[in-house]
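One chain, chain A, appears in both complexes that follow, with chain B as partner in the first and chain C in the second.
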Partner chain A sequence: MTTEDKIHLEDMMPALQGVIPTIVATASADHTPNVTYISQVYFVDADHVALSYQFFNKTIRNVRENPMLTAIVTCPVHYDLYRFILRYEESQTDGEIFDAMEIQLEALATAQNKEGIFKLKAADIYEVVSIEKI
Partner chain B sequence: MVPASHVEFLKQPLSFWLATTGLNNISEPIKCTGIVFDPATEIFTCFVPEKFMTIGFEHLRENPVLALVVTELHSFESYQYKGNYLAWRRCTEDEVEFQRGYMEAFSDILGSFGHSKQGLYGAYFHIPVLALTFQVTHVFDQSPRSGTGEKVCA
Partner chain C sequence: METAALHKLTTQLECSQRKMDIITKVSFELSKLVSLPQKLHTILDILNDQFSLQNSMILVPDGEQRQLTVVASHGYDEDPKDKVVPFGQGIVGLSAARRKHINLTGIRRKQHYMAAVSHEGELNFLKPLGLPDAESQVAIPLVANDALVAVLMAESRSFCVFTRDDENFLITLAQPLAVSIQNSMLYDSMEEKIRERTAELQRLSETKDKFFSIISHDLRGPVTSFQSLARLFSHYHKLGQTDKIDSLCDKVDQSADNLNHLLENLLDWSLSQTNGIQCVFETITLPGFLKQIVALYQDSLLAKEITLNLSVEDDLTLQADHHTLATAIRNLVSNAIKFTPRGGVITMVAARHEQLVTLSIRDSGVGIDKQKRDALFSLRGQRTTCGTEREKGTGLGLILVKEFTELNHGRVAIESEQGHGTTFTLTFPGK
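What follows is the complex of A and B.
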């Protein structure tokens, strides 16, 4: 990939609004895969995103053992699919990013009549290792 | 192992995604364009466009473990099946037609959420399509609620 071909996170903003849920895959330390939907991939800065976690589940346990996560993000404008390779850095349960994600999540919940299951428990911060169009 | 109630559930136009993992511990989510579950053998046949399987095949050569998540998009009822990869082959014409029917019904559901039916159909469905089989070893309830992730059967 040339520098000109590199996909920048800033160019992905339409896909980061939670319009189409993102699918993420992780692996435990013994290489067992896990795959699930998440509600939000939130733009933090040019090199980082935050993923929403409503439940402390297998995905959370996996990234504590093995920080690599792959997300398939769908652009709701052109319906292109993108593979994000991410590396877990930290989990935030308050602060500016958490508050902004909580507001966005409440809006998504209201739109889908799913208020009860969209409670944000953590904003997990990931470094963006690569983005590739599939 | 797979509860009897799942057999009918799995015949619906659900969302299906596979995942594989290489020895580098980076996983790959893979979009399925339909599945068939045989309750007698507890083997899943998963249909996957060949263009989505490049990394998945690299992983399966190193590590035969697969995960399949199935999700009903209105209720979010969801289950995850883990198991061991068995084989792959090209889909038959009948299987391709089966997938076209599944994709029509699945795209209708996505359209009911305000998405472009044709847009998502075009994003997910590509010829040629492969049929991968795997033997179930574990089943997990993955519906979004407190306590999710509970093992259903192993």
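What follows is the complex of A and C.
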């Protein structure tokens, strides 16, 4: 990929607003794969995204063992598909990113009388290794 | 490459120009000192014109910061004005409670996902303020001087309507919007204060007019009659006619009573106008209390040959202030005597009805027509009516009855028909 062709995270904001669920693939330490859907990949900065950690599931367990994650993100405007290669960096339990993700979750929950049910345990921060249009 | 860069720069320039236009327009509108509703609607119109925010609303918090009320909206089939949302609920309530902007899209899918994950299956949406099928919503808290002034909410049925740039620009506008709305609120509250002060001044002016009218007119009568009586005393004294002097004594006594009653009412009324009445509540045993009041009017009743029947339950008591209650009842008795023709009947009944104590005074007098009844308890449009034997009054009596009854947590009711007498009923809480 040339410098001109590089896909910038800032240019694909609609795809990072959770309109269409994202497919994520992880693998455990013994290389057992797991593919599932997640609701949203959150924009953090030009080189990072965040995923919400609400429940301890197989995806969360896998990235704690093996930090690489592949995500297929769909742009809801043109329906273009992008493959993200991500590397897990850290879990944040407070701060600007955590607050922004938590308030979105709470706004949706309180609109249907489910406040307090959907607790955000952490904002898992991933480095964006590469983005490729499929 | 150069063309692409140029195109990008042009787009950025156009975008900046558009933002400058909006800021200029908004600044111009915000600088106007207009009422709050007018300002809010103008703001929403500008945001629609310049920002394509077709469905938007502004909500203001109540004093206790418990709920927000829609005060202005734009683009809804059904006007959401006056709808309320609690702090902390939904995008608007949460934005207000946390004082943070929130930008959501893909709302319905995410809510379906939540319903599925929470194993409830069925969605349990609260009735939305605006669009029932909104897919994108943005809520911006408008904060000025560290106080939440309002929340601006915009929504759409489309996805990804509010870009990060839009969101940031709205946040930039939020500060001047908040200050301007706060200024309009102050302006409105000042206008309201001016209206209240004007009404208060008008009331004080009416009070002052009434006071001078009583001083100059109603008090002059008895004083003049005292002067005439003094001259007659001197005249009969010179003539040595002591029998005539004796008969004058009754008139002096009567005039002194009337003057005393008038002065007491005037003093009480003056005190009540300056909130100078201090109530001391005590248990009043009504049989003895009412008998004492009736005794004060024996001479007047005899003079007009009026029969007063008093019926009161034994040991009936009332928690009330002695002075104000006595003044109210004295005025009702005096009023009944004044408007009952010679030989008539006045009936006073005090009784307990469940949790209430009622005292009614019914006369067989001339009655009061509806138009006069409506103005009885107010100074405005007050015209005193002479009694059946030309007895004069000040018009203060019934005003005192109402004010003093209310000071004792009671209320006054009146039933009357012209030519068929009048019944005043005072109702007080029994405990």
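Basically, the second predicted complex is superposed on the first by the 120 of 134 C-alpha atoms of A that agree within 3 Å, B and C clash if a C-alpha of one lies under 4 Å from a C-alpha of the other, contacts with A are read in each partner's own complex, and residues count from 1 in each chain.
Going forward, a contact is a pair of C-beta atoms (placed from the backbone, for glycine too) under 8 Å apart; a residue touches a chain by one contact, two chains touch by 3 or more.
The structure presented is a predicted model; accordingly, all values stated were derived computationally and were not measured.
By the touch criterion defined above, A:99 reaches chain C but does not reach chain B. When the two complexes are overlaid on their common chain A, residue A:66 makes contact with chain B while staying clear of chain C.
Residue contacts after overlaying the shared chain place A:20 against chain B and chain C alike. In the superposition on chain A, contact is made by A:76 with both chain B and chain C. In the superposition on chain A, contact is made by A:110 with chain C only, not with chain B.
Put chain B and chain C next to each other and count what each touches on chain A; the higher total goes to B. Annotation: chain A residues 19-20, 76, 114, 117 touch chain B in one complex and chain C in the other. For chain A in complex with chain B, the residues that touch the partner chain are 19-20, 23-27, 29, 31-37, 54-55, 57-58, 66, 68-72, 74, 76, 78-81, 85, 114, 117, 134. For chain A in complex with chain C, the touching residues are 4, 13-14, 17-21, 39-40, 43, 76-77, 99, 103-104, 106-115, 117-118.
Those residues of chain C that touch chain A in the shared complex are 1, 88-91, 93-95, 98, 100, 102, 104-107, 109-111, 113-115, 117-118, 120, 123-126, 128, 139, 159-160, 163-164. Residues 15, 17-29, 31, 51-52, 63, 65-69, 71, 76, 78, 80, 82, 115-116, 119-120, 122-123, 140, 142, 144-146, 148-149 of chain B are the ones that touch chain A when the two sit in their complex.
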